[in-house]
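A, B, C and D are the chain letters, set down in written order, and residue numbers restart from 1 in every chain.
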Amino acid sequence: MDKPFAITLDVGSSLANKTGSWRTLRPVYLDRLPPCNHACPAGENIQSWLYHAESGDYAAAWRTLTLDNPLPAVMGRVCYHPCETACNRGQLDEAVGINSVERFLGDQALKRGWKFAPPPAESGKRVLVVGAGPSGLSAAYHLRRLGHRVKIIEAGPLAGGMMRFGIPKYRLPREVLDAEIKRILDLGVELELKRKVTDILATMREGSFDAAFLAVGAHIAKRAYIPAGSAARMLDAVSVLRSMEGDEKPLLGRRVVVYGGGNTALDVARTAKRLGASESIIVYRRTRERMPAHDFEVEEALQEGVLIKWLSTIKNMADEGTLTVEKMQLDEKGFPQPTGEFETLEADSLVLALGQDVDLSLLDKVPGLIIEDGVVKVGPNMMTGYPGLFAGGDMVPSERTVTVGIGHGKKAARHIDAWLSGKTYAPPPKHEVAEYDKLNTWYYADASKTVRPTLSLARRTSTFEEVVKGLDETNALFEARRCLSCGNCFECDNCYGVCPDNAVIKLGPGKRFEFNYDFCKGCGLCVSECPCGAIKMIPETI
Amino acid sequence: MEMQPIKFYQTATFTVGNRLLGEHERSVQANMRRTNSLNSGHRACQGCGEALGARYAIDAAMRASDSQLAAVNATGCLEVFSTPYPETSWQIPWIHSLFGNAAAVASGVAAAMRVKGQEDVRVIAQGGDGGTTDIGFGCLSGMFERNDDVLYICYDNEAYMNTGVQRSSATPPAARTATTAAVGTAPGNVFGTGKNVPLIAMAHCIPYVATASVANLRDLEFKVTKAMPIRGSRYIHIHVPCPLGWGSAPADTIKVARLAVESGLFPLFEAEHGEFVNSTKIRRKVPVDEYLSLQKRFAHLFAKPVDSTRIALIQAIADHNVKRFELLG
Amino acid sequence: MLKQTEGSHAVAEAIARCRPEVICAYPITPQTHIVEGLGEMVKTNELANCEFINVESEFAAMSVAIGASAAGARTYTATASQGLLFMAEAVYNAAGLGLPIVMTIGNRAIGAPINIWNDHSDSMSMRDAGWIQLYAETNQEALDLHIQAFRLAEELSCPVMVCVDGFILTHAYDRVDVPEQEQVDAYLPPFVPRQALDPAQPVSIGAMVGPEAFMEVRYLAHHKQLRALGLIPQLSDEFKRHFGRSSGGLLRTYRTEDADTIVVALGSVNGTIQEVVDEMRAEGSRIGSVSICSFRPFPLDAAREALGRAKRVVVIEKSLAVGLGGHLSDGVRKSLSGIVLNGYTVIAGLGGRPITRNSLHQLFRDAEQDELEQVTFLDLNADLVAYELAREAQARTTGPTAEAILRRVGTVASQIA
Amino acid sequence: MFQTRIHGRGGQGVVTAAEMLSVAAFLEGRSAQAFPSFGSERMGAPVIAFCRIDDKEIRLREPVLDPDAVIIQDPTLLHQVELFKGLPSTGYILINSARGLDELGLKEFVHRFRPNRVRAIAATELAMKHVGRPVPNVPLLAGFAAITREVKLESVVAAIREKFPPAIAEKNVAAAEEAFAVAGGKLEASHA
């Protein structure tokens, strides 16, 4: 074409005009820490396993999940999911049902028989793990995957610790627990049952272990002095729940009173109901708001007919089972103070659920340890005062939950691994947290949480069937897709689409994007319109 | 042709792309091989809504026409920032003639294509609100009346921005421009009878009329894609914020456009052969204040004492739109 | 084929033989009969493969033409008077974009006062728009010039205006030779656009050009017209070979050899002038005339060649450059730069005022005696003007002069001379 | 050169008459030029049209100022417009009127012209009779042919057939032939 001068131009020639020079701020992509991950005691990378679940790749999701936690099916049932409390979606409609998706993935794995990948190489090191509870199993799993030979020594008759002896069946079916434990052992972890380690250093010498992780559970019930007649029937929660695992079911009678306000108290009260008690009453000295037990459990218990007497303490128990209860009131600091008002309560048995202690006798001969309030001091690397001796779970100062235990196990394993090769493990630096205000939630459709079905009341009070059911595949997928992917690019193409200067380069599926700073004018539209807050503006250095 | 809402992809129902969707279901803008009809290096301001709207619309038209497209451009920002000698940002056959004749020039191009047996080449005319609703209005109406085979797209930024923000017939009430009262008891544009060009286009009973916004890409692309194959005159009126003229942050361009839609001040609807057929529902209704307060051109409404009277008048306009165009539920 | 027909119809037939692909039509007297004729031919399919578009204004007419031409179609339109002024912006634009549009001007006066009769004020207002301007002397030439105009426009990528005197030619029944289709096809090849809107070869047409290149763009437009000075006679000669008659060219001389007095004019008035020249020659005067066909580009050299040896030049102007005199005179005087002779500008025939043999005869006699003013108004009603000036002097009435004068004339415009 | 001026009102086919006259002359191989004085024809407004006939090319573009013949299609114009301006005593006058020249008050005036060159024809009546419309132009044209002999009747007839669609043409031809006879036209002569 014979084009007239100047008035007719060849297409696309403006590429010669590098508008990037106008910029005073430049956009940069970043990954922020999703609040769920931030809140998870087990350090799960929740957002990233949900990402796989969203596309229906459950195997990949499960593999990502189990990089941090070997017991998803268990966790999906018993975890108190602080992740959901932290979830940004909670401020939009309702938190993502992370826990239920985790359980779905765990159950899928069991159903389909997914296995862990064996360690790439053997390190030749031997590590002893004391206690087959959540913390011990977690440590053993991680250490094994890192290539070390691991042996667990467990005092009890079965592995699982508190997961088995503290948590009732109706919350955690035993076949689920057994299956997930077996999968860990299948990795080549050695387990010795019914052996109580009395002298840890001796045991290590015998077995010539290079290091040890101590994860003994808190199985000793705390006692409180309550004057009682000789015929009065008084038991402790730990033994009640433990005996539930044996053939000899505990005899609690028609009228059961449980003393205490923790989850264990609720477990016992609900168990009593299932054992046929017509009355199951919890006596607690503070108010519902101050109760350490999780509210959803209180709710379930109330639904099942458990009664709770708030602001009450038990003064004594007479032979014929009459309890004297004193009303309390909270002072300005929130502490319960006696009122001098008394009432009586008829009970066939009183179960004390006032907390538990750990048996630390195995440490008696170990020098250099600091022990306070019945727990062992450990460093940030989970190592006790004695080199090579690590500890976690109920044994160390911390909240006592399955999730925390699993987290300790993982953390300890990483440090043990480093220690064994004479190094120190430095955890990767944490990204800034992706707060709600970093998101542009307009792009997310409204989709409320999927409620997990629950067992009918009748069956709940008469059987030990699991109360809360799982999600099926479709609603698990739906739930996974409610994730906002806070702080992490999910390739929605918004930045690529909204740039008025075509200054965003799309690198293709899974490869995300990059900026073309030759043309980016720094308007910041991409930042405002990024739904998940994975871009930020930084000053241009001139 | 029905708008297919994307179901079940909560994470990205309203985003540009969606890795969980099939290629064919994704927006043109999500495509790695999109035309970039208006390519990089143009001289539009930071966060220019018109540059964005033009690429959205023309890329969609390119896909719909299988790249058999020619465009006519009225004088205005779009023309000035896209083709200053010696560079052009257009990737398509494009011509600029005058401020007021884009519609007529397009009629001519369409006639030539018809007579040369190239009816597969689709013709688009585009201009700003000044070139469309004011100076180009006669040619536009003539094109409609002849039902010439042209898709006319108006990028409405509600004033003459190219010449330094003067009032146009598309300037909304109370908005400040260089040619509206700057001070006094009621600064800004008057609460006139208004001039709703989409409705005037409908009065010509042309096959298709629609309004769209840069804040709703899928809706915009759907309408362009629907309009392209129709023979005869078609009109799409796209709301494109102007950070310069509106006094909004460049980064807020889409946010502002979204609030115009969500408040009801800029209704998104479609009409066929003069009849209203449907509207795009408001997802999260907001009061007009949220929209107005982001823009310096309305700042005087919020200066102490807040001009609640005129804000209420604007709210009334929004509420009227919500009723008239069935924007809720 | 010989025909006795109306000028407008003859032009319409010529246009049809040129196979235009897009025709934009908007009615305005006295051009209307041309597009009416073409519309008829498109309807009856006598003119096939042509889009006939009824636009809503002259501005739109030229705009549609711009689009059609830019898309590679051979494009035609016609207008006059106010219509040409209404499309002015687009007229300049078409030239700026180098689009080979051909447009007929049925020359007519410009208001106010509104006046539908013939003069050249309309086309003169666009003389610097960058279009080539050709003026027809007869209906035969009007017809022929359109055929040449398409050749010229398309070879230069430059629009061409063919100016035809309103009523005097457009509405006159005359004998014309309408060429056969084959003849025209042989002379005028199909349109091959220099640039076109084509998805296979996309370009951006109509870029904004700043000070760094605008002068050059304008110079090239000028240069294009200088090239036309060579091309116009060439195409005229070629036309003669094809059609056996001469039409167009830059200018034509009539009995100028040995002439002391030479009259210069545009368009149909040349016929009357030649009659007068013959009368005066018969009476022994050494007088001749020059009919300028190409006003843009202006043939400076040819004019100098034709007029350079005369003692005096009388330019008859059908338009008034208010406050100066005439437009044609500017070109004529410039062409004679450095040559000493008497030059007279005569404003005549404004708004359809008949230019009669008698008046011209007297005028030329006065010229021969060098008794003319620099600028003379032919057949001006001096009394009327004097009266109106006096009236204005004593009563400062505002409002249009036209009404005041018409009251005094007190007769319908149909009355002749 | 023979120059004719036709006076009438818009709607009476004044311009058409001039055009048909020029066509008739053209058909006889002569140069002819017909044109109106006036463009925006409105019903009822006075209209003038001209026709020049010559044996050589006609270059003159001025209105007809010194006509050889004047055709008056509407006698009501008689006292409004200077109908006979420039007409020499040798000139022809043809007036559309059922009444005689005397009744029209032209008795005195026409004395200065040759009697056989002045005629009044009831052209409108003839048009009503044959065509059904009060359009006097065709009968007057035939009358013109009869008294001036500038064009032959068959040329006028041919021009009529060129100008009108067949049905209407034939009615006009009939009107023309009667007018020609009324005007004293000698057919055999015109055929000679």
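The rule is simple: contacts are C-beta pairs under 8 Å (C-beta built on N, C-alpha and C of every residue); 3 or more make two chains touch, one makes a residue touch a chain.
Just so we're clear, the structure is a prediction, and the values are computed from it rather than from any experiment.
K.L.:
If you average the C-alpha positions per chain, which one ends up nearest the average over all of them?
P.N.:
Measuring from the global C-alpha mean, the nearest chain centre belongs to B.
K.L.:
Applying the document's contact definition, name the chain pair with more C-beta pairs in contact, C-D or A-C.
P.N.:
Taking the two pairs in turn, the one with more contacts turns out to be C-D.
K.L.:
How big is the gap, in whole Å, between where the Cα atoms of subunit B centre and where those of subunit D centre?
P.N.:
66
K.L.:
Round to the nearest whole Å and give the separation of the Cα centres of subunit A and subunit D.
P.N.:
Once rounded, the distance between the two centres reads 115 Å.
K.L.:
Just the number, please: Cα centre separation of subunit C and subunit D in whole Å.
P.N.:
33
K.L.:
Based only on mean CA positions, could you tell me how far subunit A sits from subunit C in angstrom?
P.N.:
93
K.L.:
For subunit C, write out the residues touching at least two other chains, lowest number first.
P.N.:
In subunit C, 97, 201-207, 209, 213 touch at least two other chains.
K.L.:
Mind pulling the subunit B residues that touch 2 or more other chains?
P.N.:
Where subunit B meets two or more other chains at a single residue, that happens at 82-83, 85-86, 88, 90-92.
K.L.:
Considering subunit A alone, which of its residues make contact with at least two other chains?
P.N.:
6-7, 9-11
K.L.:
Each pair of chains that touch: what are they?
P.N.:
Chain-chain contacts present: A-B, A-C, B-C, C-D.
K.L.:
What part of subunit A is in contact with subunit B in the complex they form?
P.N.:
Subunit A reaches subunit B through residues 6-7, 9-19, 22, 54-55, 442-445, 447, 478, 481-485, 490-494, 496-498, 500-503, 506, 508-509, 516, 518-519, 521-525, 527-529, 531.
K.L.:
Enumerate the contact residues on subunit D facing subunit C in the complex.
P.N.:
Result: residues 15, 18-19, 22-23, 25-27, 31-40, 45-48, 58-63, 65, 81-82, 85 of subunit D touch subunit C.
K.L.:
Enumerate the contact residues on subunit B facing subunit A in the complex.
P.N.:
Subunit B reaches subunit A through residues 8-20, 26-27, 29-30, 32, 36, 39-44, 46-49, 51-52, 55, 82-83, 85-92, 217, 243, 249-255, 258, 283-284.
K.L.:
Hey, which residues of subunit A end up touching subunit C in the complex?
P.N.:
1-11
K.L.:
In their shared complex, at which residues does subunit C touch subunit D?
P.N.:
Answer in residue numbers: 4, 6, 29-30, 116-117, 166-168, 171-175, 268-269, 271-272, 274-275, 354-358, 412-417.
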